[in-house]
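Each chain carries a letter (A, B and C) given by its place in the written order, and its residues are counted from 1.
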Amino acid sequence: MRVTTPMALLGVLLLAALPALLPAGLLNAAIQMLIAALFACAYSLLSGRAGMLSFGHAAYFGVGAFATVHAMKAFGGAGLLPTPLLPLVGALAGLGFGIVAGWFATQRSGTTFAMITLAIAELLHAIAPQLKGWFGGESGISTMRMPAWGLSFGSTQQVYYLALAWVLLSLALLYFHAATPMGRLTLALRENSHRLGFLGYDAHGLGVSAFALSAMLSGIAGSLQVVSNEAVNYVVFDAGVSAAVVLNSYIGGVGTFLGPALGAALMTFFSYAVSDATQSWLLYQGVLFVLVMMVLPGGLTGLVSTTARLVGRHGFAAVLPLALLALGAALLLSAGTVFVVEAVQRIFSQDYRSLARMAASLPPITMFAHAWQPAAASTWLVPAALLATGAAFAWSARARLAALTRGTESNALEAAAPAIS
Amino acid sequence: MDAVVFAVLNGVIYGLLLFMVSAGLTLIFGMMGVLNFAHASFYMLGAYFAYALQGLVGFAGAVVLSTLLVGGVGVVVERGFLRRVHRHGHAHELLLTFGLSFIVAELVKLFFGNYPVDYRVPKALDFAAFAVGTQQYPVYRVLMGGIALLMFAAIYLLLTRTRIGIVVRAAIYRPRMVEALGHHVQLVFMGVFGIGAALAGLAGAVAGAFYTTNPNMALEIGVMVFVVVVVGGLGSLAGAMLASLLIGILTSLAVGVDASIADLAALVGAREWAQGIGGLLTLKLSSLAATIPFALMLLVLLLRPSGLMGERT
Amino acid sequence: MTQMTQPILSVQGLRKSFGETEIIRGIDLELAAGERRALIGPNGAGKSTLFHLISGQLAPSAGSIVFDRQRIDGWTPQRINRRGLARSFQITNIFPKLSVFENVRIAAMQRHRVQYTFWRLLERMARVREQAERLLEQVRLQGRAATLAGELSYSEQRSLELAMTLASDPKLVLLDEPMAGMSSEETQYTLQLIREVTVGRALLLVEHDMEVVFSLADRVSVLVYGEVIATGTPEEIRAHQGVREAYLGEEAAA
């Protein structure tokens, strides 16, 4: 599904109007969504476009963050680096570190490359708490945003616009990059790096350049987070941060330009929205990721474009029942899974276990504003029914899809696997 | 001197432990070309299963049962997940195993809580084996090392002296040919994967009692194991042993060293200068011990990219 | 007939071992500029290995390779290609998910030294586009320019492979079984194509199809067990005793 210029403009306008539409709390979430979106796009430049899977991208995000916090303390929002220009520091730090790390890492490919990137991030994670000067030890470094250019930067709104400006700038750079010689060669690197050498190119150098660019943009994202949060500590190098960007990007779909951004925004939004309701959000995200890997290689945006293609080829009427079945299946299966996970979480929690030890029989658990008896069969019939019905719907949807695409495409879902944008 | 001997012994034991986990991984990689990111999760599951079963069947029973269970999980992972995405390529497999490792960690947190659990060496085994100078050396550590060595011997003999071993080794290099010769290669893959997982599970069950058992175990040892595999050379069992021991001993020795680069600079009278710069130069080696394997890995990558004993490039 | 100028390619005493096995056991080979040489020999003789050695994929165990008056043994493939030597691959080695045009453009772009150019749009670089279009016309694929390379027919892919090999305007072209797997029609077509596009270039060609060899090559070298046992015009080779023994066995040759 191509994003046309009018659509893009509309998107930008909508984003610009957001502060007027959202309350302050949600606006903060929106800033985090923007940052996550940029990080995901930076990540998928390397893993999607260049085909090099990195599991330690938090390193460049974190390096950008720490460099920025030092710059904030050093320049106080004035001089060479007023507050709005701070992400430049993140960019430079990310770029520099990216070149060094990339030079090592790109000497290997595939799984070994992935492990090297993970090791680099873990190295930083291990060493940062020890270095008080650079990383503030275990507690990290905090600072304050200073006024610049006539703006106070005290309000969330101004921070939002700053973040939006930099994210849009970075996305434009990424988009432009795809049309430059270096950008096209990066794609070729993914397709057949072996041949590039025989065509006279320096494949290693290309790999390093893609790595460095990805690291630079990650540095900008990290920088924006520090500007927004006014603090950073070594936790920014945690494996969970690297994992999150991987999950976000692939759930969104690395085959399209905006796929990772949308995936990241959606996942970040959900983690905000459900963080009060459940402790198991990460588990759900992991399950979604594995599902995507098994069944939907193109991610959610891939799903949208496949559906669009199906409608185009077979007509709306033929696709509608299929879509409804699939949607129904997704909802039912999710509901059943959530029920089981939430129930298990409560039953195995420390509080409940102490309660259960003291009581004569298993006490009820509270879930979805209702009390359930763990020992009663009726309790477990609910998820069983949800899952069974959902599975039936899914089976039926699959059969319909097969019938629809017989003779036209080998596997509609697989055909949505990354194509070049 | 005693401290050094102690440290070396500890390092050897830890190295053997690393080997137990990385042996399975390097075999699986050699055979299927995919570094299973979830391999360290088998280690973690081994520890947690043993912890959960300890109350029911006693320590020894828990270790054995846990190993078998984890082997079963390995088979399920191979059959149900990996085989389905095999045709999408290595990157896809890697991502899938990454996702699986993520889920396993979250499931462990769901069932057992996001903190270490009280999985401990049973009283029966909690005594000293011998004395090193004034320090007592616990028998459990020796046991761990013993199990690892037994395992190495068993794998080595299995691979080199039995028919199944020959088939497995052949399948590493020429799976299609082995299949054409009438061997059930799929079954071989499943078996090797399951055994590799079981070994990691055994390591976890045994080590988890001595070191901590927490949801972060997989990540901690996982990164180490991959460093071992890179340093030792992908697909080389002997390389994995060598690298494991090297890393184990180096790390263990470093933990005992309280000197820093500034202390070294004192030899040329530059201590104050180094201390003035601070940062890395004043960090004690003991604090940096955890980072030594990474440094080793980067060094190997620079000087000998295929690993110390690697065959494939 | 051949002038006494410097050969474009001069291989001397080339050896290559893999562990204990010696695959290339002392090859001497000289190729004049613009000469078309076919390399024939039974399977396992080491033809592909020789190509790998000349093109830089492997480093020799001993011996020297001199290309265009420069020793290139031990050089990376990239450096050798920049010097003016290009090779095609027996198993088609293109960029399957990029369009045909894109494939050729990438190959053509190399001479403009834009590997790290990130400040110019590729679309705007007219010379690159023209060169890519010309290459496509040469191999008669201009009608398929927008198709994904992976969706071409087999012989179309071989033509694309050829176009990409030529993009760097090489002085020496190594073609590794360009007709492999083709029908006789496709073979004739590709034969004509190769004849056209290699005018003025030296060509080293590995082929099994003897008709192709005899109609295309100026001279033929026969490689058996890692050694060149004969070099000569196609007629000379056809009559050569040693060659007949190698191919047909001693009894039949007698």
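Everything that follows uses one rule, which is that a contact is a pair of C-beta atoms (placed from the backbone, for glycine too) under 8 Å apart; a residue touches a chain by one contact, two chains touch by 3 or more.
Predicted model, so just to flag it, every value in this text is computed and none were measured.
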Set of chains whose contacts include both chain C and chain B: A
Chain separated most widely from chain B, comparing mean CA positions: C
Chain centre separation (chain B, chain C; CA means) in Å: 47
Computed distance of Cα centres, chain B from chain A, in Å: 30
Between chain C and chain A, distance of the C-alpha-averaged centres to the nearest whole Å: 46
Contact set on chain C toward chain A in their complex: 55, 76-78, 81-82, 86-87, 89, 93-98, 102, 105-107, 109-112, 114-123, 125, 164, 167-168
Parts of chain A lying in touch with chain C, wherever the complex brings them together: 176-177, 179-185, 187-188, 191-192, 194-195, 197-203, 205-206, 209, 213, 419-420
Contact footprint of chain B on chain A as seen in their complex: 51, 53, 55, 104, 107-108, 110-112, 114-116, 118-120, 122-123, 126-127, 130-131, 133-134, 239, 243, 246-247, 250, 280, 282-283, 286-287, 289-290, 293-294, 297, 341, 344-345, 348-350, 417
Residues of chain B that touch chain A when the two form their complex: 29, 34-35, 37, 81, 84-85, 88, 90-92, 94-96, 98-100, 102-103, 106-107, 110-113, 219, 223, 226-227, 229-230, 234, 278-280, 283, 287-288, 290-291, 294, 297-298, 301-302, 305
